[in-house]
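Worksheet for the structure shown next.
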Amino acid sequence: MAKIIGSSLSNIPWQSKPLNCTDAIWRYTNNPVIKRDAIPSSNSIFNSAIVPFENKFAGVFRCDSKSRSMDIFAGFSEDGINWSINHDPIKFEGADREILKVEYRYDPRVCFIEDRYWITWCNGYHGPTIGVGYTYDFKKFTQVENAFLPYNRNGVMFPRKIDGLYTMLSRPSDTGHTPFGDIFCSQSQDMTFWGKHRHVMSTIKTNASAWQSTKIGAGPIPIETTEGWLMIYHGVLNSCNGFVYSFGAALLEINRPWEVKYRTKPYLLSPQEYYECVGDVPNVVFPCAALTDASSGRIAIYYGCADTVTGLAFAEVDELVEYIKRNSL
Amino acid sequence: MAKIIGSSLSNIPWQSKPLNCTDAIWRYTNNPVIKRDAIPSSNSIFNSAIVPFENKFAGVFRCDSKSRSMDIFAGFSEDGINWSINHDPIKFEGADREILKVEYRYDPRVCFIEDRYWITWCNGYHGPTIGVGYTYDFKKFTQVENAFLPYNRNGVMFPRKIDGLYTMLSRPSDTGHTPFGDIFCSQSQDMTFWGKHRHVMSTIKTNASAWQSTKIGAGPIPIETTEGWLMIYHGVLNSCNGFVYSFGAALLEINRPWEVKYRTKPYLLSPQEYYECVGDVPNVVFPCAALTDASSGRIAIYYGCADTVTGLAFAEVDELVEYIKRNSL
Amino acid sequence: MAKIIGSSLSNIPWQSKPLNCTDAIWRYTNNPVIKRDAIPSSNSIFNSAIVPFENKFAGVFRCDSKSRSMDIFAGFSEDGINWSINHDPIKFEGADREILKVEYRYDPRVCFIEDRYWITWCNGYHGPTIGVGYTYDFKKFTQVENAFLPYNRNGVMFPRKIDGLYTMLSRPSDTGHTPFGDIFCSQSQDMTFWGKHRHVMSTIKTNASAWQSTKIGAGPIPIETTEGWLMIYHGVLNSCNGFVYSFGAALLEINRPWEVKYRTKPYLLSPQEYYECVGDVPNVVFPCAALTDASSGRIAIYYGCADTVTGLAFAEVDELVEYIKRNSL
Amino acid sequence: MAKIIGSSLSNIPWQSKPLNCTDAIWRYTNNPVIKRDAIPSSNSIFNSAIVPFENKFAGVFRCDSKSRSMDIFAGFSEDGINWSINHDPIKFEGADREILKVEYRYDPRVCFIEDRYWITWCNGYHGPTIGVGYTYDFKKFTQVENAFLPYNRNGVMFPRKIDGLYTMLSRPSDTGHTPFGDIFCSQSQDMTFWGKHRHVMSTIKTNASAWQSTKIGAGPIPIETTEGWLMIYHGVLNSCNGFVYSFGAALLEINRPWEVKYRTKPYLLSPQEYYECVGDVPNVVFPCAALTDASSGRIAIYYGCADTVTGLAFAEVDELVEYIKRNSL
Amino acid sequence: MAKIIGSSLSNIPWQSKPLNCTDAIWRYTNNPVIKRDAIPSSNSIFNSAIVPFENKFAGVFRCDSKSRSMDIFAGFSEDGINWSINHDPIKFEGADREILKVEYRYDPRVCFIEDRYWITWCNGYHGPTIGVGYTYDFKKFTQVENAFLPYNRNGVMFPRKIDGLYTMLSRPSDTGHTPFGDIFCSQSQDMTFWGKHRHVMSTIKTNASAWQSTKIGAGPIPIETTEGWLMIYHGVLNSCNGFVYSFGAALLEINRPWEVKYRTKPYLLSPQEYYECVGDVPNVVFPCAALTDASSGRIAIYYGCADTVTGLAFAEVDELVEYIKRNSL
Amino acid sequence: MAKIIGSSLSNIPWQSKPLNCTDAIWRYTNNPVIKRDAIPSSNSIFNSAIVPFENKFAGVFRCDSKSRSMDIFAGFSEDGINWSINHDPIKFEGADREILKVEYRYDPRVCFIEDRYWITWCNGYHGPTIGVGYTYDFKKFTQVENAFLPYNRNGVMFPRKIDGLYTMLSRPSDTGHTPFGDIFCSQSQDMTFWGKHRHVMSTIKTNASAWQSTKIGAGPIPIETTEGWLMIYHGVLNSCNGFVYSFGAALLEINRPWEVKYRTKPYLLSPQEYYECVGDVPNVVFPCAALTDASSGRIAIYYGCADTVTGLAFAEVDELVEYIKRNSL
C-alpha cells in the first residue's frame, strides 16, 4: 500500500469521498474556494501555489488584474480554505537589475527545500521562461537567475535534491498559445546553472488518451511516495472550439525522475462543473499545488478553474496510486 | 399534406408542442435524456443512433471514455428514453484483419435495410473514413469494407435501395477539424464497391443562411415521405470563438436523392440551452437518429449536445415538411 | 467635477449603484433587457443603438435571424427598457441603386446631429465597410454613400461637427475575424467625401492592459463632457480559447478628438455573468449606445451580451471621468 | 481601330515586335533597364513610375536600400532607358506634421493632371495606406492628406477629372501579405476628402483565369483610348511555393470607370525570364507606369521584375485593345 | 537479375548513362524535351502521360494555358521526343451529363488494359477527385464515373487486373495545397464502383528520409517486374521556402500491391537543374509516365519540371531494382 | 584602427577586393568552393564550420544526404578551399547513452578553447536543441550534455572564457520553421550546467532594417578585436514568397558580450548570385565560420548558399569594423 514520504499535517483541508463517487479524486463541495474578486483589483485568482507555513498555510497566487495583467501575490490562511491575499504583488530583491525587471509573471509554484521556500513561475524575459526566487517568511523575497532560456512554462521543483542536484520539471514552449509541449527534467548544483536535460514524457497522439494529446505540463510539487514520485500534471485536448485542460497523474522513478513508471490513461479530473466550464478561458482545470498528510495519506489539490477561480479536490494516496497503476498507459 | 412512408410505431417517445411555441421542432422537457456518465467509463455520451428493435429500441452510442478515446457501444431501451448501454464497446467480426483493426470510432448511424441493421460510423483507417458493419440482433456484429478512401465523415445510409443500389450520403473531409464540407451521395451494388458519386448540396457562403456556411453533414437516416426524402442535417457557422453546430432539414427527390427540392434557410434548432452551450465542445446540437410513427406523423430526433450528453426533440411530419417548403433557400 | 454637456433627460433608465459595489459601472439587475427572441424571426438581438426620440426612445437593433443572417431593425420604447421592435428590417431609400444593395448589415450606431438621426453600421459592400444613412422619424430611412473603402467596422459619429466637419471614428479591418485593429478618426464636409484620417489609439501589446491587446473599437456615440469627449470602447483579448470582449473608456480632446487625454488601464466591464459568458459567441460585452442626462450626470449604457442578448449598465459621469483619470495608462 | 487619346510623344523607348512573336506584348531585349545597384545604397530598384517631363523623362523610383528599407526617389532620363536617380529619397513639404512622418514608402505612381504631377504611393501610417503628394518640377515635393484609412495599396490616379471629380483606383488590403484583394474606384473634389467608393473588379476564383485568382491591383495610370480606359493591372496566383505575379489589361467605361467592358482572360506577361523568376521575390512582373505616343499608338510599359530590377515591354494600342476584346472573360 | 514483364519496345527514347555518373537514374542531355510554349495557347506543359501507340507514341498532356487554366490535351510522336500536341483540349463523350461537366483537369496518367487506353486525371467535381475515361485511338474519348469522392489526386491504374479486379493507386487530399498525403490502393469489378481500399505507404516523418516527409503520390503506371511492381513515386519536403518535389521508387507485391517490399530511402532524382529549379513552381520534378523495353530492360521516365516544362530521364531495370533493394528504408 | 586579437594565420584563403567594389565584404570569384556533391552520398553541403588545424585546416560540415537526412561530417584541407570530407558522419563517444542517440544534426560551429575544439550544432532531442561535443584531433569525438532544453538553434561559443565562464550565444526557437527569434547569451562553469541567460539583441520590426525583421542568429565564432567582439550574424526577412536570409555584423562588449555596441543597419551580404538564389532553399546566405589573420586583419567567411553549396567571402577587419560603426542602427 502506497504511503506518502513526508510530514504529518493533520490540518490540511479535507472532505470525505461522496458515497456514490467511484473516481479517485473528488471535488470540494464548496468550490470555488477562492473567488475571482477576492482582492479589490483582481479579475480572477486561479493557478496558484499553497504550502504549509508556520503551522498554518501560505501561498503565492496568480491574480490577474482588471487590466488583465498577470502577476503573483502572497497570501495566508489558517485553514487552507479562507485566504487573505495581499493587495500588492510580490516585490523581489536581488543582485542583478536585469533579472528584476518585471514584464509579466504567472502560474507560480512554491517548493520548500532544506531551509527555504523556492518559488518558480512563468516569467516574461523577452518571452516566457522560468523565473526563480525564494523566501524564508513570505515577506521578503529574493529573485535569482531565470532557470532557462525562453520559451518555457510550468517550471516545477522537486522537494529535495536528487543525487545531490536541484531538480526541476518544465515544459519548453513557444511565444504564443503553444500547440505542442512535452515535460522535461533539468538539474542544477546551485539553482543558477542548469543542465542534464532529460525528456520525461510526451503527449499521446493516438485515440488511447486524447485528453493529453496536445500538450502536457507538471502541476503541483511532486509528492514523494513509497511507489515513486507522484506527479500530478495537466493535459490538453484541442477541440474544434479550443483547448480543454484536464489533469492526470504519473509515478516517476525516485532516483531518476525522468523515467516514467506509470501514467494515467484516463484523466483524473476534467472540466465539468459550471465554474470549470464557464469563465475567462472555458473548460480548464489546472492543478498547481497539493497539501499532503503523510499520516493519513490525504492529499488536497488546488487547481485553477476556467482561468477564473480556484478549486479544491481531494484524494487518498493509496487509492490514487493504485488507480494510476491500474489505469496506466 | 405530407405523410411518412413507413411503419407505424406508436411507442416512440413523444411530448406535445408547448402552447406558445411557434417553431417546427421542440425540445423534450427532461433533456438531456442520456447523461455524460451513464456508463462507468464514460466522459460523455452524445452523437448516437437509435432504431426500433423487437418492439422496443436499440442503439449504437458514441461514448467517449475518461481517456477521451472515442468508441461505439450498443444499448437497449423499452421506451426510448431510459437506456441501458453496454459497458464494453462493440466488437466486430469479419473476414479481413486489416479492416478489423480499431484506431477510433465515432458518430454512428444505424439503418435497417431488408434483413439487417447496417451501422456506419467515422472509422479511423490512416485517417477518418466511413466504417461499415451490420448486425441482426445487436449482439453479434460483422464489419465489412470501409466505404470510401479517407478522409470522410457522416456516412448515412438510405433505408432502402434506390434504383436497385444501396445509397449513402457522406461528407468528404480532411485530417483535422475540417473547415469546409459538402454533402455527397454514393451508390453500391454490394456494400463493398462504391461509385456514382454525386454532389448533393453545398454550404451557403452568403448572409442568407450563415448557420450552414462552414460545413454541413447528414444527420439521421433520411425519412421517406410523400414529399421526398426528409433529410435532417447539421450545419456549422464559424464564429470568432469557434464552430457553432445547428441543424436544419432538406427534402430530396425520392428517386434521385442528390437532387434537392427544398432546404431550410433558417435552422430548425440551434444551441441555446445550458446543456447545448456548455460542455466539452460548447455550442453544438448534432442530430444522428430519428424515430418515426407513420400513423401519427410523429418524429423523435436524438441529438448530441455540446459533445457531452444526448437530447431529444420532436416534430410532426406535415408541419415540418410545410415549414421546410415555406422557408426554403 | 466633470459634467455632461448636453440635454437633460430625466426619463432614461436608471438604477442606483449597489451598496457594496466599488466599480465605476454597474449592471442592471434585470438584465438582459432584450431577449434573443424578442421578435418572431430573431435568433439574437444584441449590438444595438438607442437614442432619445420624441420624449421617448427609439433605436436601431441588430437582430440576427434564425438563418443567422445579420440585419438592422427599428424599434421604440417608452422607458428604454421595454422595447417594441419592428418585425421587418429597415428599408432604405436613396439615389444610387449600387449603394442600396443589401449584402449584410450589423452593429448599428445612431447619432443625432443638427436636424436628423444619422445611422452608421457595418455594411457589406464587397467586404465590410461603414454604411451611412439617416432618418427624421424612424419610419422613412435614406441611405447615402458608404463612408470608406472596405474593410472597416465600428463607424461611430461624433454628435456635432468639429471644426466645421462631420467627424467619425472607425476601426479598419480585414475580410474575416480581424486579429488586429486600431481606432482612427476621419472627417467630412458633406457626409459623402471623407478625409483627414488620423490615428487615435492603438491596442496595448504589453501585460499592462491585456484586455485591449488584440483589437479595439469605439462603442456608443462619444459623450461631450467638460473634461473632453468620453469615448466608451471595446477591447479584445485573444485567449487560447478565443476572443474575450471587454469595455473601457477614454477621454479625447474636444477640438482634436484624435488626441487621447486619458484611457483606462483596467476594463470597466468584462464578461462575467451567465448571459455574457454563454451564448452564440461566449465572453462578449459590446457597448453600442448610451443615454445621458446632463442634469444628473447619469449614463445608461446598452451593450450586446455574448452576441445573443442586450444588457444595460449604469454610471455617473463625475465618478466615471474621475475613474478614467485615476486609472489611465 | 483603337487610338490613344493624348499627346504625341515620339521619343518614348521603342523596339519593334520580334518576327516570330505572336503575343500582344513583347519584352525589351536589353532588359533589365535599371539594375538593382543603380545607386550606391540600393539593394533593388523595381516598382517605379515614369512620366514625360520637359521633353525628356522623369520618374519616381522604388529603391529598397541595403537595409531592405523601402523608399521612393526621383530620377531623370533623356531617353527613358538610361536613368540618373537621386541618391537621397524624396523629401516632402506640407502643412501638417502628422502627415509628413515617414514610416515607409513604396510602389509609387505618377500622374500629370492639369498643372502638376500627382504622386501616389503605398505609405506607412499605422499600416499601409495611399500617400498623396505633388510636384511641378521633381525638385520640390508637397505632401497632402493620405487618401484613405489603412489598409490600402496600389492607389492609381486617372489622368483627368471624371465628371468633375478626381478619380483614383486602389486595392484595400490588410496588415500583411494580403491573400485577397479587389480593385475599387473612389472620387474626390479636392484631393483631400474621398468618397463615392465603387467596386470595379474582383479576382477570378475559377480555373478560367487562375493567374488573377488571389488578388489584383491597378498598374500604370490608365490610358485613355477611343475604346475606353486601358487599365493594365497585375494579378496574383497562389502556388504551393508562393505568389506568382503576372499582368493583364482591362477596358473601363470612359465616364463610369468602375464599369468593366473587357478584361483579359489570359495574362499579357508572366514571369518567365531569369530576371523575372530569380531575385528577392521570385516570379514577379509588376507594371507601374506606361509611356504612350498617341500618333503611333506605341506603348512602353515599365515593370518591376522579381522585386529586384526594372524591365521594359512594348505594345501597340490597336493590337492590344483588339487582343483584350478577343480574349475577354 | 530483375526483368521487366511486358512487351519489347526497341524504339523508346534512350541515352546511355554518362561515364562518371553513379546514380541509378540519369537525365536526358537535351532536356527539357517539351517546352512551355509548344502549342500556341500554352503557358506550360509538364505533368503528362505517354504510352506506346501504333508502333509510335501517343500521350495525354497537361497544358496550362496563358490564363493559367489547367486542362489535358492529346498528342503524338514518332520518337517519343518530338511531339505534336493538339491545340484543343480533349473532349469526352459519355452517358451522364453531370459527369461530363468540366471544372478543371490536370496531371493525367494513361494505362493500356486489355483493349483500351484508360486515362485518369485530377478532375474538378466540387473539389479535386479522380476523373476516369478511355480511348481506343486517341481521337474519340469516353468519360465514365469519377472513381472516388473528393478530395483525391494522383490516381494511377495498374496495367492489368489483379485478382480479377481493376486496381488503382491514389492519394486522398484536401481542397488546397494538401500538406499531408499517403498512397492508398482501391479495386473495382467494373471501373464504376470502387472498394477494398487499402493503405499502401505513408510519408516518412523522421530525418531518415525527409525528401518524402510531407506527402507522396504514385507517378507512372507501375512496371511489372520479376521482383514486384516497380512504382516510381514523388515525395515532398516542406522547406521554409515551400515544397520541394523529388522522386524515388518502391517495389510492391505482385498479387497484393498494397504490400511494400522495398522503398528507396534516398531520392532517385531531385530538382537540381535550372529548368527544374526555376519556373512557375520552383524545385519540382514530378514523374507521370514511363516507357519500357522488356528486352533491354530500358526505362524512359517522363517528368514535369518546375510545373513548367517536361523532362526525360533514363534507367535500366536491373540496376534500378538493385538500387531500390540496397537503399531501402 | 581595429585589430584582431588572435593568432597570425597567413595561409587563410584570400582574394583582394575587386577594384570597383564599394562593399565591406566581397565574394570569392570561384564560388561555390564546395559543391553539393562533394561526397558520394551528399545532396548538398552548406552551413559548415572551418578552423585552423595543425597548420592546415579542418572542419565540420553539414552534408544533407540524398535521403535529405541532415548530419555532420569532418573534413580536411591544405588551403581552406579544396576540401576532403569524410564519407561517413561523425560518430561521438560519451558516457550517457541517452545523450548519444542521434535524431538529426545540422548547422555545426567549431570553436577552439584552451586545449580542444568544441563543436556545437543543432541536435535533435525531442525537438531541436544545442548539441555539444569536442575533439582534439578531428578523429575521435566526445559528446557531452545538450546545452539547453529544446527548442533552440544556432548555438555559437565564444573562443575564450569570459569572466571565468564558458559563454555561448543561441537562438531559442520552436518546433518548426520558427517565424521569430532573438539572440541570447548563456554561461557555464563546466560546459554541462548553463545559466545567467541574457538577452543580446532582437529583430528589427520597422522599415529601418527589414533584412533582420523576422529572426536573427549568430554565425561564426565571434572574432575578438580591439573594438569588441565582432559577431557576424544572419537575419531573415519574410517576403510573400518565403524567407530571405542575409547577413550583417555587430560589435559586442568584450566583458559583457550581451551588450551591443554597434550593429549594422544594412546587410553585409544578401543572396544575389545564382548559387545563392537557386537551390534547395532559394535566397539564403548563412555564415557559420570565419578564418582570421591577426597580422593582416584578413577575414575569410564561409557561408551556406541556398542550403545547397558553400561559398567564401572576404573582409578586412579595420574596414569592416569601421563600416559597422558608420552604419549602425
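When the chains are written out, they are named A, B, C, D, E and F in that same order, and each has its own residue count from 1.
Rule of thumb we're sticking to: a residue touches a chain if its C-beta (ideal position, glycine included) is under 8 Å from a C-beta of that chain, and two chains touch if they have at least 3 such contacts.
This structure is a prediction, so every number in the text was calculated from the model and none was measured.
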Option in C-D, A-F or D-F whose residue-number contact pairs overlap E-F by over half: D-F
Interface residue identity across copies chain C, chain D - same or different by half: same
Whole-Å gap separating chain B and chain E, where each centre is the average of the chain's CA atoms: 40
Euclidean distance of C-alpha centroids - chain A vs chain D, Å: 59
Shared-contact residues (touching 2 or more other chains) in chain F: 241-242, 278, 282-283
Complex interface listing, chain E residues touching chain B: 98, 125-127, 129, 145-152, 170, 172, 174-175, 180, 182, 184, 186-190, 192-199, 202
Contacting residues of chain F [partner chain E, same complex]: 36, 40-41, 43, 65-70, 103-104, 124, 177, 241-243, 278-283, 307
Chain D partner contacts - residues on chain F that touch it in the complex: 22, 206-211, 213, 237, 239-242, 244, 246, 265-267, 270, 272, 274, 277-278, 282-283
